[in-house]
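Note that the chains are named A, B, C and D in the order they appear, and that numbering of residues resets to 1 at the start of each chain.
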Amino acid sequence: MAKLTGQQVATHNSKDSCWVIVHGKAYDVTDFLPEHPGGQKIILKYAGKDATEEFEPIHPPDTLDKYLDASKHLGAVDMATVEQDEKVKDPAEVEREERIKKMPPLAQCYNLLDFEAVARQVMKNTAWAYYSSGADDEITMRENHSAFHKIWFRPRILVDVETVDFTTTMLGTKTSIPFYITATALGKLGNPEGEVVLTRAARQHNVVQMIPTLASCSFDEIVDAREGDQVQWLQLYVNKDRAITKRIIEHAEKRGCKALFITVDAPQLGRREKDMRVKFSDEGSNVQSKGGDSVDRSQGAARAISSFIDPSLSWKDIPWFLSVTKMPIILKGVQCVEDVLRAVEAGVQGVVLSNHGGRQLDFARSGIEVLAEVMPVLRERGWEKKIEIFVDGGVRRATDIIKALCLGATGVGIGRPFLYAMSAYGQQGVERAMQLLKEEMEMNMRLIGAAKIEDLNPSLLDVRGLQGGHHAAVPSDTLGLNVYDPLLSPRFAEKAKL
Amino acid sequence: MAKLTGQQVATHNSKDSCWVIVHGKAYDVTDFLPEHPGGQKIILKYAGKDATEEFEPIHPPDTLDKYLDASKHLGAVDMATVEQDEKVKDPAEVEREERIKKMPPLAQCYNLLDFEAVARQVMKNTAWAYYSSGADDEITMRENHSAFHKIWFRPRILVDVETVDFTTTMLGTKTSIPFYITATALGKLGNPEGEVVLTRAARQHNVVQMIPTLASCSFDEIVDAREGDQVQWLQLYVNKDRAITKRIIEHAEKRGCKALFITVDAPQLGRREKDMRVKFSDEGSNVQSKGGDSVDRSQGAARAISSFIDPSLSWKDIPWFLSVTKMPIILKGVQCVEDVLRAVEAGVQGVVLSNHGGRQLDFARSGIEVLAEVMPVLRERGWEKKIEIFVDGGVRRATDIIKALCLGATGVGIGRPFLYAMSAYGQQGVERAMQLLKEEMEMNMRLIGAAKIEDLNPSLLDVRGLQGGHHAAVPSDTLGLNVYDPLLSPRFAEKAKL
Amino acid sequence: MAKLTGQQVATHNSKDSCWVIVHGKAYDVTDFLPEHPGGQKIILKYAGKDATEEFEPIHPPDTLDKYLDASKHLGAVDMATVEQDEKVKDPAEVEREERIKKMPPLAQCYNLLDFEAVARQVMKNTAWAYYSSGADDEITMRENHSAFHKIWFRPRILVDVETVDFTTTMLGTKTSIPFYITATALGKLGNPEGEVVLTRAARQHNVVQMIPTLASCSFDEIVDAREGDQVQWLQLYVNKDRAITKRIIEHAEKRGCKALFITVDAPQLGRREKDMRVKFSDEGSNVQSKGGDSVDRSQGAARAISSFIDPSLSWKDIPWFLSVTKMPIILKGVQCVEDVLRAVEAGVQGVVLSNHGGRQLDFARSGIEVLAEVMPVLRERGWEKKIEIFVDGGVRRATDIIKALCLGATGVGIGRPFLYAMSAYGQQGVERAMQLLKEEMEMNMRLIGAAKIEDLNPSLLDVRGLQGGHHAAVPSDTLGLNVYDPLLSPRFAEKAKL
Amino acid sequence: MAKLTGQQVATHNSKDSCWVIVHGKAYDVTDFLPEHPGGQKIILKYAGKDATEEFEPIHPPDTLDKYLDASKHLGAVDMATVEQDEKVKDPAEVEREERIKKMPPLAQCYNLLDFEAVARQVMKNTAWAYYSSGADDEITMRENHSAFHKIWFRPRILVDVETVDFTTTMLGTKTSIPFYITATALGKLGNPEGEVVLTRAARQHNVVQMIPTLASCSFDEIVDAREGDQVQWLQLYVNKDRAITKRIIEHAEKRGCKALFITVDAPQLGRREKDMRVKFSDEGSNVQSKGGDSVDRSQGAARAISSFIDPSLSWKDIPWFLSVTKMPIILKGVQCVEDVLRAVEAGVQGVVLSNHGGRQLDFARSGIEVLAEVMPVLRERGWEKKIEIFVDGGVRRATDIIKALCLGATGVGIGRPFLYAMSAYGQQGVERAMQLLKEEMEMNMRLIGAAKIEDLNPSLLDVRGLQGGHHAAVPSDTLGLNVYDPLLSPRFAEKAKL
């Protein structure tokens, strides 16, 4: 069959007939336009053109096969005949490329926040905005890490810590350190290879990876990247069509996933204004009208990928999940003690105390704070062994991990930091991030006086800072601060003494 | 009758004989000068001249008819003969007009604070200062929003939230969402059409509007702008002359107002220094003397419009109000539980827990904090159904609305945000603001696990942050902070690597 | 007797023979050098020269008569023969004079902090440093005002506040408003006329003035400035020589002082580093040696004037004070409830809860906080009428005064704000400051729902913010804040749209 | 024996044969490379060259004799034949030398923080980073001083404080003031003479010095610098080889040390990222590869000196220590009340509540906070006399010392401030720092109403601020703060009035 020419495709450049090219093949998406979760606008921008670059990071490779009828697959295009857009380079993009050339060597990253600092400078704006944004005012997103700062240590001295062993077991899997890579969407925004980079790094460090429903790589690609007895878990957004959901679960179990994490904090995916604002700017050039348009032209990457999620999912569905898989089931996104108790009663094997990285409901409490609420109640009932409790959100230091474990968590999930490490430095970056956590872990276990995971317990913590709730100071005394003449340090002379 | 000439009017340019032109007609205000609530100075600035531009936003169109004896209405002026002031354009005003040309498109406003950010740049200084100012150090004004940040969510998961319904009933009126447009003065400062813009937007969104006593439009203009079964309430400053008050109430009831909100937190209108300072600058050019003048030359817009308010209004007056109208009566500005109990005993139908947007008494507590004090006491007495409780002040997000409703409020009032939206983008702006609140509301109801208003209850909140009172940190350790050498992120090279 | 010539004086320019000119007369201070409380260095700077300008603000006019033997008074100098120092004008001083020419008109000062803002710009460095400095890190000094921000109002509505009366009685004296001018030293640093300016302003506003021991004017000058039934109190530093103290008390009583405030928080006058640093710079030009000098070359104005104060003053001395005067005795500087109880038992008429404006012990609590500790204990014992409690420190707003009175104070002292008003605008400034407080007082009494002083009571306050002690937040998360990408408001276009 | 030539040494410039010159003598360190605690990289940088400058501050002079077999001592080098590195001066170093010329005179340092401010400007980067750095995010390091700000005074008035005596006895030694110089490593980084400078200053002020294991001077040099009845204590890192430890203890006792402080908070020396980052930059020029290197190239000075420390040290070892010395034994680095009780039971004479200056475990609580936890428990058991409690960390003011003593400490240790004083101003600096503390001490004892150490007790403090744990405020309301238009002070005119 003769290839299509660029000119042929280019004529189908409107709502009435809209073709796009992806990876050298043309597709007729005219009928699909109204159904596109990300809105038709973004497709129309590429009507009659090559959309590969935009399409790639947001859609797993099997997307077109899955969602577009075969009749709309128009076949190969002779790419030599496709006119290239004369791209005027965005000055911000030019600056970014300059910064990439000046990147600090990986060895200068001494902690997880260092990767974020580098990533912020070297990532594409849109990718950075998608990864780094949170709900509304991003209060919860920031509180997640800040909450750890309210918990302090009560270390024990003169404990033999010559050998420190922080291996542990999570959901039956022995791991080298009590954290796992939690599920995060759209890995190709940060690295052209996507989530498999994390798979490879996880293998190096004997760490569990949770595979996201909304990965840029396909599920099978991520599983295929696994080696040896490496363990993966599946994160699941429950589809309105339970048949699809069932198919996904069964496939995952067959492919060897060892646990099923059902996301329960996202009946609707959050509005992230930072993401929306960047997306808008990106499209802004062809926007003419001011006002008058009560529909958001852009919803950011988040809304574009979530329309299938079932907002009617409820406790009534849990028995069905328990019936369709032998994998342990963990509810991801539990946010108060009442629901943890209910989870125990529902018979699931675990919960993740999580607010979705602060990306969903602003003013949701941090997982670590909820943990401090949950554990005393579980212990009072003698239920603390009936369920494994995980926590995610804001973990950046081994001290954060230790705090969670002292309170009673089995392990913690870490998401964004590995995305940033991957975006800035690829697999080596992720590995170094994990290595740094291990070094911190060894040091801090020693310093707190704990030789093994079982030694971690609540008496090693001072958690009074969590008990008073959430403080905001009295608004600042503007005029008073303005008139205050601050004390100065000794003044150096203006000219050198002779 | 022959028109007056500009020259004729211009000769009456002093305290002894002071004529001014408004909307093409001349008025003799000589005798009125000492009575002008805004002070005579501001009138004398326009003695013998056209005062329309200054007069317009501060006075409803029926003002001159109502307050100036017909004998002082001198008739039409031939405006062609009126000399125009050679206005040297204020450089700040030139810059403002430049900014207006660069205004962000409305679609870039993603939340209520975004309208405020734009309004601050595009509004006239004096208008901005009047809207945005608060009492004394503006501590209470800022606390109003900040207080919401002390309240966090305890969301429930696995609730069926496929359909979310946040319609509700306030004072017998079914509305689309539990907020109303609260009364704010001088709408024409922000938009030449004034409060009717809000009326029209309210209709689009099925939202109740409260009509302010101190509107720039006349009461009847605002009522005339109503359509269909749209509902309006009346906000009332009680006049020293109760006959006037009675007339206003009866007229409002006849014109279809559905509730009477009596303002009880403003026996005297507040001093707002930001407003005073801007007003002063505005008049500053002809100010010569330094010091020696112990009388404020300017009191800002606030003081100019309030001298009629009765500071002797007391609980003894309530029965009279109940006797003169069938409209439900709501006390607006209640600030402690004792007065809520007294309001119940006095037989009114509702209270608004409010501190007048932080414009009256500084260090008055936020409405939301008072609500947290009030509801447990009401519930203890079984009185929580005896009265409807509203809250205003600082509401900017749907999460704020949800917090108020979880605590027990029937609805919340929103004022300034709609003024800012109207000032920046007109009716479209107000509509988008309302639309954004609805989108946030739907999302956040889902995320908190509430499918309808009745599902909102105190167990969904963590309010410990309100219980410790108002904190101010120890004054900063100036020298210590000065010598601390902060940690740095990895450093990018100065020159690109080859 | 022939006048001395400048040349004659100029030869006595060393430690061995040191003459100085003050107000046109020469004095031999050779023998006095070692005794000078401010150190000999500062005198030697003027050896053989005219020292009037430096001498004036720090010493009352009768100082030389009192402390230098008549034999050392050398008589008049022919000032025409005194060589004037070629003063190279300090560039900072030139800038200051420029600022004075641009001073805001008095009418632009809308609150007490505004005077401080102006004074900071127009006062001499050394004067500003003396007035504005506090002990050590100036934590207590700033806490004094900040503590008021922890106290919030619970206003009552629907109270008849048509007439508001805030006159009150303090120590038997009827005053127009419950504050007094508290004692502050060295008034001539801010105004060439010194403390009599305050006397005159106090008379205009029917406010009590407390006369400081360390005034720049002599005691009699200040008393002489009094008019009619104006009331003055005396502040007393107790001299090591009780005969001197007795003479001062008896003289004050004879001259009509109505109360005796004994300072008890200053057995040694504080080190104020801001003051010391400025003084050092002032003298710095002739400092050569680096290091090696373990004696402070300068102690600032504070240390220079206090060597006579008796650090052995104790409770045992109180009966003696009660025996030597009929004036009511008030202990100024009490700082905990135990000492208030002891003061009642000792039979004094009042206490001032004060930390000396934050100028003595850093981390001393604010007077208002101590008041909240004291009153419940007094009430429990039924002692609240046995003693009058005053508070000073940090009072800047009428709301501050109202808070103190609600808690149980009889009145409050205000010091620095009047110094700043006087330094910037003279008597008119002080009067306006008082007028502003009265306007705020009237407004805020109305808004809190209190028609008279007796209506003020603890139920109008929310003092929970004082009960948790003094908070300092966890040190900032430097790296975390550094990587956080803050949300932005909508962006204005770079170029105007056409 | 003929001297070696520079050329001869220069040929041994690799891993295979590595010679270095120190103080004019050559050493063959080839075999030692893998054992070097600081890593071989740093030695290889000087292979075949003169390493004296780098070697000097980090190694006591007896290091080579102690740790390098005599056969590797190659003898003297003719230094005239050693090629000098053409050092291109680091521009930062040039700027630093400029600043040294402009240093403020010592007399301008009015408090301990002033020395730090100067030292930060005049010390070498690497030295500053080593002294000033702390663990992880340096939260604990800063909390150490900040914690004192949560403790306020309740001073007593009318106490006879004519004579104030703050001499005291610590571990049987009478000292002039209740602080001692605590052990800090590597004194020669700040001053070429190292720790003996502190010895001499301590003698001048009759203050005890604690000798650090990791001093730059040898132990004997520091003891030799002692004079008269001056008292020194020994700080001990316990070696894996107890024979070495025993030798050190016995030697110290023989040389007259009066107490043995065993460090128990450092089973592994901390990671200090500030130190690592500076070290990296220092070495950075010859770093080529980006990423790929999972081993830290540099660990900063801290890790370089600690590999001998025994992480298996435990309570079981205490009886042995008690058996090998008659010196009182104090555990340095205790961090919770449980371990203090255990220390009493173990029979040691004292504990230092310390977190190692914030250099080990981040989020360890401050010593002063632990003290407030410990003392009530000890008093309840009547054990408060059984053990002497010391505190270190964050002491900068005499008020800090007084707070510790009021709570129940015997004395406090001060470390970094004396290092900074020494680094900036040498012995004179240290002496002035001590003198300033004495002046503050006298003043503040007076102002709190305490004439002697025994008068200090808990009723003089308000410690409520410590009881609520560690607070972090709600993350900032970015958009809200962004739109708030802050109040302004009166505006000065742009041009002077005529």
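Operating definition for what follows: contacts are C-beta pairs under 8 Å (C-beta built on N, C-alpha and C of every residue); 3 or more make two chains touch, one makes a residue touch a chain.
Computed from a predicted model, the values in this text were never measured in an experiment.
Between the two copies, chain A and chain B, the C-alpha superposition involves a rotation of 90 degrees in steps of 5. For the interfaces B-C and A-C, the C-beta contact count is higher for B-C.
Between chain B and chain C, the centres computed from C-alpha atoms are 41 Å apart.
Centres computed as Cα averages put chain A at a distance of 58 Å from chain C.
Chain contacts: chain B has residues 103, 108, 111, 113-114, 117, 137-139, 142, 146, 149-150, 273, 277, 290, 465, 467-468, 470-474, 477-480, 482-483, 487-491, 497 touching two or more partner chains. Chain C meets chain B in the complex at residues 103, 105-108, 110-111, 137-139, 142-143, 146-147, 149-162, 397, 399, 403, 425-426, 428-429, 431-432, 435, 439-440, 442-444, 446-448, 459, 462-468, 470-473, 478-479, 482-483, 489-497. Within the complex, the chain D residues that touch chain B are 111, 113-114, 116-117, 120, 128, 132, 137-138, 142, 145-146, 149-150, 273-274, 277, 281, 290, 396, 465, 474, 477, 479-480, 482-485, 487-488, 490-491, 497.
If you check the complex, the residues on chain B that touch chain C are 98-99, 101-104, 108-109, 113-114, 117-118, 121, 136-137, 139, 264-268, 270-271, 273, 276-277, 280, 287, 289-294, 296-297, 310-315, 317-318, 331, 333-336, 338-339, 360-365, 467-475, 477-480, 486-489.
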